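Chain nomenclature is as follows: A, B, C and D, assigned in order of appearance, with residue numbering initiated at 1 for each chain independently.
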Amino acid sequence: MTLTRDKKGVAGKAPYKVIGTRPLRPDGADKVTGKAVYGADVHLPAMLYGAMLRSPHAHARISSIDTSEAERVPGVKAVVTAADLPVIQDILTDLGEGVVNLRYTSNNVLAHDKVLYHGHAVAAVAATSTAIAEEAVKLIKVEYDLLPPVLDVLEAMKDDAPIILEDLRTTELGEKREGQTNIASHIQHRRGDLEQGFAAADIIVEREFRTGTVHQGYIEPHSAVGLYNDDGHVTVWCSTQGAFGIRNQVSELLKLPVSDVTVIPTEIGGGFGGKLGVYLEPVVALLSKKAGHRPVKMTMNRTEVLQATGPTSASYIRVKMGATRDGKLTAAEAYLAYDAGAFPGSPVGSAAVVILAPYKLDHLLIDGYDVIVNKPRSAAYRAPGGTNAAYASEAVIDELAKIIGMDPLEFRLKNAVTEGDRRADGPVYARIGFVETLHAAQEHPHYRAPLEGKHRGRGVASGFWNNWGGRSSVSASINPDGSVNLLEGSPDIGGTRASIAMQLAETMEIAYEDVHPRVVDTDSVGYNDATGGSRTTFGTGWAAYEVGLKLIDEMKRQAADLLEVDLESIAYENGIFSSNGDSLGFKEIAERIDESGHPVVASASVHPEEFGPGFGTHIVDVEVDPETGKVEILRYTAVQDVGKAIHPSYVEGQLHGGVAQGVGWALNEEYVYDDEGHLLNASFLDYRIPTALDLPMIDTVLVEVANPGHPFGVRGVGETPIVPPAGAVANAIYDAIGVRMTTLPMSPGTILEALWAQEES
Amino acid sequence: MATVWIPPLVQGLTGGRQVVEAPGATLRDVIDNLDAEYPGLKGRLFEHGRVRPGISVTVDGVVSNKRNRSVREDSEIHFVPAISGG
Amino acid sequence: MQAFDFATPTTVAEAVELLMGRNGDARILSGGTDLIAQLKEGRRTTSLVVDVKRIPEVTELRYHPESGLKLGAAVPCVVLYGDKEIVAAYPGLIDSATLIGGKQIQGRASFGGNLCNASPAADSIPAMIVHSASCLIAGPDGQRSVAVEAFCTGPGQTVLRDGEFLVAIHMPAPPVRFGAHYLRFIPRNEMDIAVVGAGASVVLDEAGERFEQARVALGAVAPTPLLVAEAGEYLAGKPVSEDVVDEAARLAKEAARPIDDMRGSVRQRKHLSAVLTRRALWKAIERARG
Amino acid sequence: MADRVIVNTSINGEEATLLCEPRQTLLEVLREGLRLTGTKEGCSNGNCGACNVLLDGVLVNSCLVLAVEAEGRSVTTIEGIALPEGLHPLQQKFLEHAALQCGICTPGFIISAKALLEENPSPTEEEVRFWLAGNLCRCTGYDKIVRAVLDTAEAAPSVGSFGGETP
């Protein structure tokens, strides 16, 4: 369908009544009282409980699986292995987290012939209680032939590295190279003449960076309930960012018509990209089928979540940049190798865009490699690939600024992209607000405040995220009391029921409280892409806008009938339909719908593409204890171009959350493996996400440079804020103690080592 | 004629040229005309009649992989990595 | 979690009898913050869990300025630091009570449980060592007392024999001009396991310028929490000065024999042993001076 | 398998008789037995606070309490926090401050914050952060949660057991 432009003129600038206010969220009362039903809270009659057997090895061939003893345990109703899955050919599908090959997904859901990482699912049991299922799992006998694992991205790229997937060949934009490899693909962006660019530089800085594997760290473990009914219809209740994506994957993996699968999304306890793909969903459906069509619930524990879901890529990044003494970037070169875990699909593609996105460059070369290793298959994580990339480039930018002796924000301003400039991979930017974030940062009291005390430092960094549009559908109907029921298919992870309802209320000129949004299942609304890519308030909000216009049109018809005038003569403003001096209120017409004709309903479906990139600039003050290597975050300010903040509290919340995750990544979060590829820290004790005591209040500045591609000027906001923090913290650490940290996390141990190395050199 | 930016890894097919021009009123036409001049180009960028998974086409900065989308005389076309988020 | 039986004895004798009946396979439940997690993860097994919290001696908390502190083995941290008199008398002990886990862990976790869990990184043990605490153990042959520093024999291992359990811990009354402190190093600011923990206690002369006695103990640098006797012996009789404190810290570093693991390297832990010992001593001195 | 045990307890002020296996945690029995699913499971080993409840008024992780230990004791869960007249002030302030995004950690935070305000009716920011350090939140960066708790304390110092003083 065509998209309607802002009827009030300039997007994001109209004097809005609802947009920009801070109403309570519609799902709030349920969530503060414990009534909201999340994945693990689903309970069905005659429900069985599942448990998973997982690989104790990082890389091994499965020579046999014997489930007979487990099947004999009283209370066990079904056992499944990969042998129960249909054979899947290569099917590439875009699930909103990038493209995935469903053959690999099938292999990830239950290991086929090999286990490829510690924690890889091998077999599952359904029983009358979780305890029985867990006991039975221990009785499944699997014989493994151990293979050498490879865990490090650069090791995996070597010619003599252990081969993880025998049929993998390196792809270079549609062309396959010969020979077995762990390098799934190579991408490249190139512009201008690198040699000429570096020749024009007075200063050249080149550095290598390493970043560890990190997890999304949502507090709610994965959970799914599957019912494979006697009539062949499959219903799955699960905590997911995208019910339609789960429906499609379950349908493809189990070779069922898509119409035979219904996915009912529960409330979701955090996702950050990690709840787009399937893990348990096909397995509970299979178990249910085998267990006499009883519903089966399976919930991961925290160890399973960390061992087998998420994470995002560890990476090796090399960045070289040149600049003139007066602060002009002349050339940049970047090499990125991202590990994808056991199956192709790291976010190196987006990393290669993010890494130089904020800067005007005539001469550049970017190479990116997607590499598989014996770790869990990587999943999207908030601005996938962006944090690692910006960590590297923003540190080099900082170093150049320091060498030149220029204020780091000034240096960025001198090179900042604006409308009409080219992104590193070629396309031209439309209206963006990067420069505005730099100015706001310069003017912020934080940036001007003196920083006193020993071993304290201030760092800044900027970041880019492209955002996403995706497809959204909504349906709406008008109630006799004049309120509107709004059915959405976008799972609400951070207040989007509110931000979407607000856009509908604004469009229809009715009260926010009169909109009743609900997130419904895949049978009850048109297709929706996942809640991800910072698209929901933008895209589903736009669908709500379109449906609002339709409802008003429909109401105008009713008004014309009731007033007995021509439809064309009806005007609508401030909740009043009027024609030649006669008028009827919105609610009045709603009450009289019986008398006037037919119920008022409407649907809308959109696929907007001008989603408007987001830029952010962060300022952080740290204090480093040089005796322990510990970094304390003293003050943090995040500035971001958010287009238009529909519900400012939840926009601020997105910035807060991105900063908190970025700071965790910067300072402490990482997967620790032993040489055999066992994950050693699969708990919230040793996988250290920040606590309330590890962070200060996080100041936010919402810069509103309206996105011309949205009726209300909205840009995605959720992902950009995780891009700058690691770079900002690294630059602050340098400012505090004069050590340039080039590995993430910058944990106390690594900082001590760096200080010792500095002393010794 | 529309301007088409050729990704570095397929510039072998355009004799190293980074930017080429091709006539056409739709993306499909432009690509067909381009393939006539640089045989094999279409096969690298498209698969089973669709843009290869993992690639996004931008026309004048707007992403859309629809082959029948219209292209203007002064349009600029790019093939970029598909970026989607978390 | 595996299945087990559950018992709630109300006397020490009853508890001993229950333990004897399972030939070493029964487990004592105090706060449960270690035991229940370990049973779930299969790191410990048992056929009988004995909840001792209904035995009066085990939940008793009694302080007297002369006889000292009697801390029932199952008294949770919140009860301990909820007692103002005890907080005033033993601030160095309270340091560790407020560090163990988060608030919700402190609602259940006890010093007795921390001791019996025998983690090398336990926070309360170095603090108890520098307070010269002793353990009151009940068993089939009656009761015996063991110094806290001798209680743990290895990671997860203690001197407790079959049928024995820890009833209470006794801390002597702090002498005049006594000061103590415990601190640890962790990467986060809470909810973490010590990379290194250090406790120190001192008794100063009347002028507050000379050490009469001192004790230093370290955690997470050896298979058991470690009393660094060398440091205490060195300090006794020495003037309070930076050089002297630094030398004691160096002795602590010498005594540390840590391992490399994911929480820290040998070099980092040795280094931190000195840093934390120095910081613990200065805080203890400050407290001793009043 | 060990025998099941009858446990007489009080949950949110109502007498409850539970039939439990000794190995079952209080969390498991609340969620699976009583279907009080407001208490959440995030880690099952005491590291995240999502399962926090009050046991005889003391803040505990229900994943680290055996259900049989609740014999003769009283348990307060998130379902028992709201007042007869409506939401508890903490719940209201969490909503007003947008102190939740996904909401999975919220019940645990509200239980913890309630315990804090009952003990310390006017905490400092640092005290709030220290008290809440055992509750992990991955969405909010804690900023709005800390503000909601501070604002509750400031706005209505009668929420806890605050000695009846009104400002």
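One rule holds in what follows: contacts are C-beta pairs under 8 Å (C-beta built on N, C-alpha and C of every residue); 3 or more make two chains touch, one makes a residue touch a chain.
As the structure is a computational prediction, the values presented were derived from the model and not from experiment.
Participant: Looking at CA centres, what chain is most distant from chain C?
Facilitator: That would be chain B.
Participant: Could you quickly compare A-C and C-D and let me know which has more C-beta contacts?
Facilitator: Output for the comparison: C-D.
Participant: Round to the nearest whole Å and give the separation of the Cα centres of chain B and chain D.
Facilitator: Distance between chain centres: 57 Å.
Participant: Taking the mean of the CA coordinates per chain, how far is chain B from chain C in Å?
Facilitator: Here chain B and chain C have centroids separated by 69 Å.
Participant: Between chain A and chain C, what is the gap in Å from one C-alpha centre to the other?
Facilitator: 44
Participant: Express in whole angstrom the distance between the two chain centres, defined as the mean CA positions of chain C and chain D.
Facilitator: Using C-alpha averages as centres, the distance is 29 Å.
Participant: Can you list every residue of chain A that touches 2 or more other chains, as numbers and ranges?
Facilitator: If we look for residues of chain A contacting two or more partner chains, we find 131, 216, 271-272, 685, 690-691, 693.
Participant: Residues of chain C touching 2+ other chains?
Facilitator: Residues 1, 3, 102, 189-191 of chain C touch two or more partner chains.
Participant: If I count partner chains per residue in chain D, which residues reach a count of at least 2?
Facilitator: If we look for residues of chain D contacting two or more partner chains, we find 21, 23, 44-45, 47, 130, 132-135.
Participant: If you connect every pair of chains that touch, what shape comes out? Choose line, ring, star, complete or other.
Facilitator: Contact map by chain: other.
Participant: Looking at the whole structure, which two-chain pairs count as touching?
Facilitator: A-B, A-C, A-D, C-D
Participant: Could you list, by residue number, the parts of chain C that touch chain D in their complex?
Facilitator: Answer in residue numbers: 1-6, 8, 29, 31-33, 36-37, 39-41, 49, 51, 53, 76, 78, 101-105, 107-108, 189-191.
Participant: Which of the residues in chain C come into contact with chain A in the complex?
Facilitator: Where chain C meets chain A, its residues are 1, 3, 102, 185, 187-193, 195, 262-265, 267-268, 271-272, 275.
Participant: Which residues of chain D touch chain C once you look at their complex with the stated criterion?
Facilitator: So the residues of chain D touching chain C come out as 1-3, 5, 21-25, 44-47, 49, 52, 55, 58-61, 63-66, 68-69, 71, 112, 115-116, 130-135.
Participant: Any idea which chain A residues touch chain D in the complex?
Facilitator: 22, 24-25, 27-29, 31-38, 40-41, 43, 131, 216-221, 267-272, 299, 301-302, 493-495, 647, 649-650, 652-653, 656-657, 659-661, 683-685, 689-693, 695, 697-698
Participant: Looking at the complex, which residues from chain B come into contact with chain A?
Facilitator: Contacts found on chain B: 5, 7-10, 18, 43-45, 47, 52-55, 58, 60-64, 76, 78, 80-86.
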